[in-house]
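Given below, in the form of structure tokens, are the structures.
In the two complexes below, subunit A is the common chain; its partner is subunit B in one and subunit C in the other.
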Partner chain A sequence: MTIQNPPEIDSRKIREILWERKKEVVVSLKSCAHCALCADSCFLYRCRKNDPKYMPSHKVINSIGTIYKKKGKVTRAELEEIRDIVWKRCVLCTRCYCPLGIDIPSLISLARQICRSQGVVHDFEEGKIE
Partner chain B sequence: MRIFDFINGPMVWFSFICFFAGTLYQVIAFYSLSKSRARHPRYQQKTDLTRKREPEILDRNSLSYRFAMFRLTVFGRDPGMMLTTTIFHVTLLLTPFIVLAHNILLDLSMGISFPSLSEGATDCLILVVLACCVFFLARRLLVPQVRAITTPSDFLMLLMVAAPFLTGILACHQIGNYDIMISAHVVSGEIMIMALPFTRFIHMIYFFINRFILIHENTLGKGGSRVWR
Partner chain C sequence: MIKVTQKDLKEIVETVQDYAQILIVGCGGCASVCLGGGQKEVDRLCAELNLVFKAERKPGRATGYTIERQCNPVFIDELKQIIDKYDCALSMACGAGCQYMAELYPGVPMFPAVDTVAIGIDRDIGVYEERCRACGECVVGYTGGVCPVTRCAKGLFNGPCGGTSGSMCEVNPNIPCAWVEIYNRLKDQNRLDNIKKIRPTVKWQNQTQRTLIQKR
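So, the complex of A and B:
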């Protein structure tokens, strides 16, 4: 049996998706005052004993923020890390609240779209008991 | 031309042009990259007199319901931070306009002036701004949630805000070398004004766009009228 290597990350495609909504992403990332006032609005954050990793701002900065900072030139390992942030740490319930009015769910869904475009998706079968 | 004449003359005009042009650019960019969309109608409770009256806690117009909802807002969850940030932003925007020395300079150069407060009162306002900056710095360093998303640029932002106020009060009371203090005050103020539409301070413009014009879950006012793309 041969193990197939995963295809290379197409940074051009990522840039294409990102550039379509560039201004929205730039403005949202710049508008963020890093105040952490959004933290309490996330039920996962509160369920996970106030772990900062579950704060909506932390999720945005480390997913779409990382992709934008690297201009789409992310490695598969980095994209897999982002996948875990946008799928495992966020359920897109759209209840997060930013006092400055940043549309956090929209940015998380953009990060999911980028991951999906590279075939890096959440394994819904993970941990399933046979 | 001496450097002092330059920072007090052409540099002031340049920084204000930068600020107004940058703000205009951001607003035009937003309108050209967004499109108009009809907002969803907001939920409104209808008063039906024939129906049995709901318990007071479920009545959306009752004071206890409103108070319970207020406790869930960001003001209710973190009152200390929200009170500090409100006071900070109001004093930050207000103080430069009501400082007596600024108004005398405006009057001498352009013949216009704003109402000004006494020196003692403005000193108090400046100290309030600086105290708020110290609070934000302490919060950045001590609260784990804030520390987790803090970058060096956040400290730079705080420094850029605090510097004009600190050097201003030191120059006003002639503490340290007056010439150096007043030059530092003018330069730091100009840097802050120039940086406003292009750096993290952009939230000053986009706060109003994000909260009142863009349609999303948390739009205030009438529910917004535009969406990105």
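So, the complex of A and C:
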């Protein structure tokens, strides 16, 4: 039996998806004032005892922000880290509010779209309910 | 959450076999959580359909694409760049998601690839039990946290039907009688008074579609 290696990350495809919405991504990343006002509007941030890792802006910067900064050249391990941010720390309830009008859920959903395009998705069968 | 399960492959083939380009759309929400219509299930159905088309020499060709949710326009919007390339779409979201997609892309014939089964709980991974039928007038506060609409086969509101046998339901002897559970739970909590008053039955007839505007 041969063990199949996961396919290589296709950064061209990632860039293609990213470029399609480049303007929105750039404007959003540039205009975030790090005011943290979005934090309180996220129920996950609040019920995780105000853990900054759950702040909507933190999630955006460390997912789509990272992908953009690296121009799509991310490793599988980096993409897996991003997968955990965008699936485990955000449920895309679309309730967060940014006074500057940054559409956080849409950016997080874009990061998920990029992960999906590389087959890096959250496994809902992972971890049995004890 | 909402629980869905894939339809029989034969039924799916029958609904889409006359179309050439078929888009299978997964849902990243409830449908993924219950392992019924997420990206994994989309990929599987896609491969199965293409195999059938090939074997039966049908012109159809299926392509899969999963969006984060089909009950919210923010995420459905993602399809607008690609949907025009397809002759029809199969939705793997719940009935609500499938209908919203049909509404937002009225030019594309939309077919469900799953059956929406329940609003339910997770007993284990892949094992779900129905708990609510969204009747709109929740009574579990009086019935010890057991829903008589969902869990009593006859949806009775004022005690058991009389067919209860050995604590099991007469309609299906493998399912516990909801009213035995209601009685025992309330008895243990000293709350039997809760079911002594007669409750009017729900008026199921002529129900119109509900819209929810959350007041704060």
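What we mean here is this: the second predicted complex is superposed on the first by the 127 of 130 C-alpha atoms of A that agree within 3 Å, B and C clash if a C-alpha of one lies under 4 Å from a C-alpha of the other, contacts with A are read in each partner's own complex, and residues count from 1 in each chain.
Just so we're on the same page, contacts are C-beta pairs under 8 Å (C-beta built on N, C-alpha and C of every residue); 3 or more make two chains touch, one makes a residue touch a chain.
As the structure is a prediction and not an experimental result, all values here were calculated from the model.
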Task: Fit-or-clash call for subunit B and subunit C when the two complexes are aligned on subunit A - done: fit
Open item on the list: For A:49 in the superposed arrangement: first (subunit B), second (subunit C), both or neither?
Closed with: neither
Open item on the list: Quick check for you: in the superposed arrangement, does A:105 touch first (subunit B), second (subunit C), both or neither?
Closed with: both
TODO: Have a look at where A:125 lands relative to subunit B and subunit C in the superposition and call it first, second, both or neither.
DONE: second
Open item on the list: With both complexes overlaid on chain A, does A:37 touch subunit B (first), subunit C (second), both or neither?
Closed with: first
Task: First, second, both or neither for A:12, with subunit B first and subunit C second - done: neither
Task: Between subunit B and subunit C, more extensive residue contact with subunit A - done: B
TODO: Scan A:27 for contacts with subunit B and subunit C and give back first, second, both or neither.
DONE: first
Open item on the list: Contact-wise, after the overlay, does A:94 reach subunit B, subunit C, both or neither (first, second, both, neither)?
Closed with: both
Task: Inter-chain angle, subunit B to subunit C through the CA centre of subunit A, in degrees rounded to a multiple of 10 - done: 120
- [ ] Classify the contacts of A:61 with the two partner chains as first (subunit B alone), second (subunit C alone), both, or neither.
- [x] first
Task: Where subunit B and subunit C come nearest after superposition, their Cα distance in Å - done: 7
Task: Those residues of subunit A which subunit B touches in one complex and subunit C touches in the other - done: 20, 94, 103, 105-106
- [ ] Going by the contact rule at the top, pick out the subunit A residues touching subunit C in the complex.
- [x] 20, 92, 94, 103, 105-106, 109, 112-113, 116, 121-122, 124-125, 128-129
TODO: State the interface residues of subunit C toward subunit A in the complex, per the touch definition above.
DONE: 28-29, 32-33, 35, 38-40, 66, 68-69, 72, 74-75, 78, 81, 122-126
- [ ] Under the touch definition given earlier, write down the residues of subunit B that touch subunit A in their complex.
- [x] 29-30, 33, 74, 77-78, 81-82, 85, 143-151, 154, 199-200, 202-203, 206-207, 209-211, 214, 216-219, 228-229
Task: subunit A residues touching subunit B - in the complex, by the definition given at the top - done: 20-21, 23-24, 27, 30-37, 39-41, 50, 52-53, 55, 57-58, 61, 94-95, 97-103, 105-106
